[in-house]
Amino acid sequence: MNYNWNWAVLFQDPYLGWLISGLGWTVSVSLCAWVVAFVIGALIGVGRTVNNRLISGLCTAYVELFRNVPLLVQLFVWYFAIPEMVPDGVGHWMKREMPMPEFTTTVIALGLYTASRVAEQVRAGIDSIPKGLKAAAKANGLSGTQVYRYILLPISFRIIVPPLTSEFLTVFKNSSLALTIGLLELTAQSQQIADYTYNSFEAFTAATVIYIFIALVVTGLMQIVETRTAIPGQSGKGA
Amino acid sequence: MLIGKKLAAIAFAAGLGLGVGLPAFAQDLTGTLKKISDSGEIVIGHRESSVPFSYLDSDQKPIGYSIDICARIVDEISTELGKEISVRYVPINPKTRIPLLANGTINMECGSTTNTLTRQQQVEYLPTTFITGTKILTKTDSGINSIDDLGGKIIGLAPGTTNDRVIREEAEKRGIDVDFLVVNDHAEGMLALETGRADAYSTDHILLFGLIETSKSPDDFAVVGDFLSYDPYALMVPRDDSAFELIGKRALANLFRTGEINDIYAKWFDPMGIEQTPLLQAAFQLATLPE
Amino acid sequence: MSGFDFSVIVSALPFLWEGLQLSFLLTILAIIGGLGFGVLLALARMSGFRLLSLVAATYVNLIRSVPLILVIFWFYFLVPLVLGRPVGGFYSALIAFVMFEAAYYSEIMRAGIKSVAKGQVQAGKSTGLGYWRIQRHIVLPQAFRNMIPVLVTQAIILFQDTSLVFVVSLRDFMTASSIVARTEGRLVEMYLFAAVVYFVICFAGSLTVRRLQSKVAT
């Protein structure tokens, strides 16, 4: 095979810097998108379980819409289509004055997409709580809001920590789609190093190792969260 | 002129002699020629929006100056192998073109690629078929007349191109505070400019004219500034495969010698009003080696 | 860019249809390949050979930690290099999807196989059946039945994921829509149209999953 190995290239200037900055973008996009996903996902997930037809219908529609369109298409709609659909002034703002357009667009697109998946987990968590508990709370004179506030949410959020961990990891992986709109995150940087040096093997290996490292760190952190939040007697761990 | 005529006569005679003898050489084929002979197919990498070199027509078929030149090389390969070969086109972009050629996915690249020494570590080039350089495309009302006016503006660049490096280096050298927008292809760069996402887009000047030509409102755009780089275009072929390279060189020498290149050139560049420069003519002449 | 013109979609329909066909073809072949390789991975992981199960587990966890785009880049670069001869972008992408999906399918299958009660395996053993016969006649048929809804869900995700071949310019439905959007300067129309098409197909798929789920449950 005609391949010139050169692992040292990864530690040369400017390529090492590219990898580090790529990692920075990947982490910051993912964390910001996760905050959006978690907040909106929790609201939508709770919304699907309430006794109001309109609210639960809207929340269901949200989940179906965002789950059934590929993330890449959603990203392109946010980046290319929406700025042309809104009034000129707003569109211009989205394309130029909005801080870091590629970054912000990715955070919104990835956040709203992931929210639909978080919502499903939240709903499943609430649904998994025995109906009797809700009835008991009501019988004790708690209002609808209080039932959620003191009974359903605290329990369900502790139940869904493991599935949320895997969603959190998925956000990091999905953040790589940002390269299609020109955000030079980790995958894009590794590809750019491959372009410039033709040492594709080394460049992709570096990115792969960093992603695995991210996965290990996230899994480790979430395991701590998991043991801390586990409901005694309900799960095998930490009880 | 007399020498020219004599040369042509010799070339003609040599061509005749070789043309008859060629298939006999086809027994011990190696490398790319063997692959093409075995599969009966040559895989050509083409661009999607490098007007007028290599781009898609309204039926999404690749056409252009480079594609036409490649067709002659394919004819030459057919002659060499003594059989018909079919052509399969594979779309490539600045990021994929060199890896795909180096790893054998495509046998030849017919796009708009600058011949550089760095790239020659991975691929081989046929003789120069066009000469251009980096310039800047902008809207006529943008007030940008050269790279020095880019302060505080946004310019689109495609990573992996020579232009990307040149603009970044020049901007740094001149101390211009300009923002960069990463785009993946010329069409995307033009799009960024049209939609106001960027104030300028930079690539080789000839491609910028191509982008203007195919845009909906050509009068709104202008190519500005001096040449910021020297970019000789050449078709790419696999490295370390001199037998295959030789056929390409021969096909090009024939094109240049017979003047057929002028017809192909006129077909693609006359509509844009771009004439052959003396430098390009000299490059053609230098590659017109005797048989 | 002013004024919407949806007629551009009509004239581009043949080109878009070709792209959609490629998306479907890629999805179907990747499901077949992914299931095949996925079964092997799941069996390897659950087998008694420690080295084999370690290798399978490492592979699955490795693939599941990296983005699909990176996997596509990897195979786009590796496949021709390893084979030593040109393969089209389609085959590189297909192999990438098979290798990627197999890791996910193997996890689904492992869960499915585990869902078959241990007692049944023991019952099989006590009637004198060998490992492969137990797998083939007792475990796998039941496991597959339990897994069907999840497998279909994964197929929908895979169909959505095929849009990522955009990064290597393979002409699937997404790339075709993008080409039309850019050459015709009709971004809004084309990307909204692409979103609608994907939505209709995937939503129909989700409804199927729901029907299957209620069927399996009964």
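All chains are identified by letter, namely A, B and C, in their written order; residue positions are counted from 1 within each chain.
The working rule: a contact is a pair of C-beta atoms (placed from the backbone, for glycine too) under 8 Å apart; a residue touches a chain by one contact, two chains touch by 3 or more.
Everything quoted here is computed from the prediction, not taken from an experiment.
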Ask   = Most central chain by CA mean?
value = C
Query = Among the chains, which is located farthest from chain C on the basis of C-alpha centroids?
reply = B
Key: Top chain pair, ranked by number of contacting C-beta pairs   = A-C
Note = Averaging C-alpha coordinates per chain, one finds the centres of chain A and chain B separated by a number of Å equal to 42
Query = Could you state the distance in Å from the CA-based centre of chain B to that of chain C?
reply = 38
Message = Can you compute the centre-to-centre distance for chain A and chain C, using the mean CA position of each chain? Integer Å is fine.
response = 21
Request  = Give the residues of chain B that touch two or more other chains, as numbers and ranges in rising order.
outcome  = 99, 191, 195
Message = Could you pull out the residues of chain C that touch at least 2 other chains?
response = 1, 77, 81, 84, 187
Query = Could you say which residues in chain A touch two or more other chains, in rising order?
reply = 80, 84, 180, 191, 194, 200
Message = Which stretch or stretches of chain B touch chain A in the complex?
response = 94-95, 98-99, 102, 121-122, 154, 159-160, 181-184, 191, 195-197, 239-240
Note = chain C partner, complex, touching residues on chain A are 1, 3, 64-65, 67-74, 76-77, 80-81, 84-85, 169, 172-177, 179-180, 187, 190-191, 194, 200-201, 204, 207-208, 211-212, 214-215
Ask   = Any idea which chain C residues touch chain B in the complex?
value = 1, 15, 76-77, 80-81, 84-89, 92, 168-169, 171, 179, 182-183, 185, 187
Query = Which residues of chain C touch chain A in their complex?
reply = 1, 62, 64-70, 73-74, 77, 81, 84, 156, 160-161, 163-164, 166-167, 174, 178, 181, 187-188, 191-192, 194-195, 198-199, 202-203, 205-206
Task = Please give the residue numbers of chain B that touch chain C in the complex, ascending.
result = 35, 43, 48-49, 56, 60, 88, 90-93, 96, 99-100, 103-107, 187-188, 191, 194-195, 216
